[in-house]
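I have a structure here, written as structure tokens, and I will follow up with some questions on it.
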Amino acid sequence: MALNKNQIAKRIAQELQNGFYVNLGIGIPTLVANFVPVGIQLEFQSENGILGVGPFPDAGEEDPDIINASKETITTLGSSSFFDAATSFGMIRGKHIDLTVLGAMQVDQQGNIANWKIPGKLVKGMGGAMDLVASAKQIIVAMMHTDRQGISKLKAKCSLPLTGVGCVNRIVTDLAVVDITPEGFYLKERAPGVQIDQIIHATEGKLIVPEDVPQMQLD
Amino acid sequence: MALNKNQIAKRIAQELQNGFYVNLGIGIPTLVANFVPVGIQLEFQSENGILGVGPFPDAGEEDPDIINASKETITTLGSSSFFDAATSFGMIRGKHIDLTVLGAMQVDQQGNIANWKIPGKLVKGMGGAMDLVASAKQIIVAMMHTDRQGISKLKAKCSLPLTGVGCVNRIVTDLAVVDITPEGFYLKERAPGVQIDQIIHATEGKLIVPEDVPQMQLD
Amino acid sequence: MINKSVENVKTALEGIQNGMTLMLGGFGLCGIPENLIKEISKSNFYDFKCISANVGTDDYGLGLLIRKKKIKTMIGSYVGENEEFERQMLNKEIDVILTPMGTLAEKCRAAKMGIPAFYTPAGYGTEVAIGKEVRSFHSKKYILEEAYQADFALIKAWKGDQAGNLIFRGTAKNFNAIMCGAASTTVVEVEELVQVGELDPNQIHTPGIFVDRIFQGDSYERKIEKLTLSKP
Amino acid sequence: MINKSVENVKTALEGIQNGMTLMLGGFGLCGIPENLIKEISKSNFYDFKCISANVGTDDYGLGLLIRKKKIKTMIGSYVGENEEFERQMLNKEIDVILTPMGTLAEKCRAAKMGIPAFYTPAGYGTEVAIGKEVRSFHSKKYILEEAYQADFALIKAWKGDQAGNLIFRGTAKNFNAIMCGAASTTVVEVEELVQVGELDPNQIHTPGIFVDRIFQGDSYERKIEKLTLSKP
């Protein structure tokens, strides 16, 4: 059965490693923070200028000067620090962030990503996404395998304006975990109960299917 | 009579204006701080990372963490701040410093300056001089008009390796105040009792001498 | 000590003119120069080019200038959360230049620090790179970005002293700390203006040399754009 | 919390090898990583390329490595105040690359912040510009400078916590704050290592993400190079 958003987040959380500095985009990526495996020590960075993002505040404890990049009120941790936006993107551009998780409209088999603009539709801007995809050590995309019309978001070639080129390492969708390799998409895991044919059918780009495709372990 | 070093510094101090941020090089320029005219509010910057340089400390008050760019122990003022070297040279490069006073081996009539290297002799480095001369809003050179062999330091063209090009605005020597103009050196003031012929003789570059050359007012 | 303090928001904005380029600190509604924006929204000046990460909300922050149609060109990174802005953008009443957030930050910092241009990987291979020089360093591709040139930087800090030394609070540091000193004239409003000597020189985030004018704002709403609580 | 603390100076320097490029914080003897330098001077490693503003004195700071002839190439800004260094330089036992101090600072900052190259006016028209691209922006001439690439950055801070968050003191901030995070591995020694939570997040000069290893130094001499007093 296809995963729900929380299950996608849970699968991505398995990629978290001890000592990681992690930047989470809005949407499904934000949910990853709820599934950090026990024993894993890491820090979340928010690109507006905080390292060590804490949970949402209790009522009455909210502080207008302490927000994340989604403009939500947050709290600090003992290890937190504040800094300006040039320093914040220095952390990103300088490859000090270990993992970036973000959503996408399309990813293609060259690892290109499109997630900021649909021609003819209102464009709100790329925010920090272009900096993040151009520089993160490792980028995982969290998204549905197909859009609402059933059209594949895993393309042979992105048709939408790009956010970054050749930068995505891994995609976790409701159907599968797919890696980007020099030869194309590589099917690494399938969602529990999802058939390989269904994944092949939902993937527009070239998909390499090994003999054995294990099911995701989510519990 | 030719000025001594303190008198050169005193003459330069007349250039200080209210609200100036000033960077003083080593040697004669350092002495300028002793002659700030009454009523002039300004701040001295030292490029190792302090704005608001205070006087030398009283015995027992010296702090190894509070020094100037000459590595001398100093004190802070109420208005002082500390910062890293990138910020410090950002102040300089970004034209936030109003006046730089520094010594020189040679200045030529194009406003080029040489003050860091003598070929064949031991070279100790340019320190912050190249950044300062490339970026200060206004540069005044403090030096003797001639070297110990009596050779002019105001050249038609610098023979020593340059520190910066077309950057010097004014020179204050033991003999005269000389401005750099598109037409060459311009004799603005002479030291009390010094004859114009003596200045002409001591100047190798083209020197424009107006009809009236006032004496410096030092008291 | 060089005294940078001015009487009020009016004197702080002296010299502002139609068509000028303004940098505005803040991210969302966090750390926006509230008093300066309100004063400009009440003024007769218009046709500004504004550089700011975002565009405020319909009824606050930059939104106040947008409602009054005072902005001709907007340089920003994310311009959502403001319906009137979207309307003006769709109707082409406002020119919009979208810039990666880190590039926007670094272009401000470059202006402040006298760096005319730098290379960044952000936007390489995208439409952001169109017309810009591409160059390889250590076999990675970068694009050339130039420093901004602005007339006024409008900054909000938490505390400041008369010499212009500033301390920011929390994530309100964001673009305020880097835009401060990046324009021909930098104007700072603070929640609390203290006497020189009250701030520890080790704790000053922005030295007074980057500030031209400073004043204590009349009032601060410090609005929260998205209240999120632990137990909703 | 990511714990960056290591036991001692020995573990802090694990992985150092002959011929590596080291960045060293400090200006003069102010803010130098005393314990790290002493440990390297006692080690068997040599042939380093060192990036540092100055070269210490004959008997302290980088001078300790120079006396042991451990430095093959020195990239610095001002290399006076050290006779043995001068001797090695004159005898061509050491290669010296002299760099304007602001350019040196910005090349470190660029390395830290992922900027591969930038333009600066410093050195234009001088021998520093030889072999470098010259370009005009707004009719002023600039030269292209690239970020440094270093293996280890050796940093001294005043206080730090186990997460690697740092606070500097006075002018000891100098090159320490910008070299921190500018090398593949950044090692920091502090006078006082405190528990996480003791430092105010608003007062941290360098966030722990720029630090790989942190330890409290055994002892600090904090030497004064030129004692100057109000009444000599």
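Read from first to last, the chains carry the letters A, B, C and D; within each, the first residue is number 1.
By definition in this document, a contact is a pair of C-beta atoms (placed from the backbone, for glycine too) under 8 Å apart; a residue touches a chain by one contact, two chains touch by 3 or more.
The shown structure was predicted, so the numbers you read here are calculated from the model rather than taken from an experiment.
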item	value
Greatest separation from subunit D - chain, by CA centre	A
Subunit A-subunit B separation of Cα centroids, rounded to whole Å	56
Euclidean distance of C-alpha centroids - subunit C vs subunit D, Å	32
Distance between chain centroids, defined by C-alpha means - subunit B, subunit C (Å)	36
Multi-chain contact residues (two or more partners), subunit B	50, 82-83, 86, 89, 92-93, 135
For subunit D, residues contacting two or more additional chains	106, 113-115, 120-121, 168-170, 201-202
Pairs of chains, among all present, that meet the touch criterion	A-C, A-D, B-C, B-D, C-D
Residues on subunit D engaged by subunit C in the complex (per definition of touch)	106, 110, 113-121, 135, 137-138, 140, 142, 146, 167-170, 201-203
Residues of subunit B defined as touching subunit D within the complex	46-50, 55-59, 62-74, 82-86, 88-89, 92-93, 112, 122-131, 134-135, 161-166
Of subunit D, residues touching subunit B in the complex	27-31, 53, 76-81, 86, 89-90, 98, 100-106, 108-109, 120-128, 158, 168-178, 222-231
Complex contacts: residues of subunit B adjacent to subunit C	18-21, 41-43, 45, 50-52, 76-83, 86-87, 89-97, 135
Contacting residues of subunit C [partner subunit B, same complex]	1-3, 111-115, 161, 163, 165, 181, 196-197, 201-202, 204, 207-210
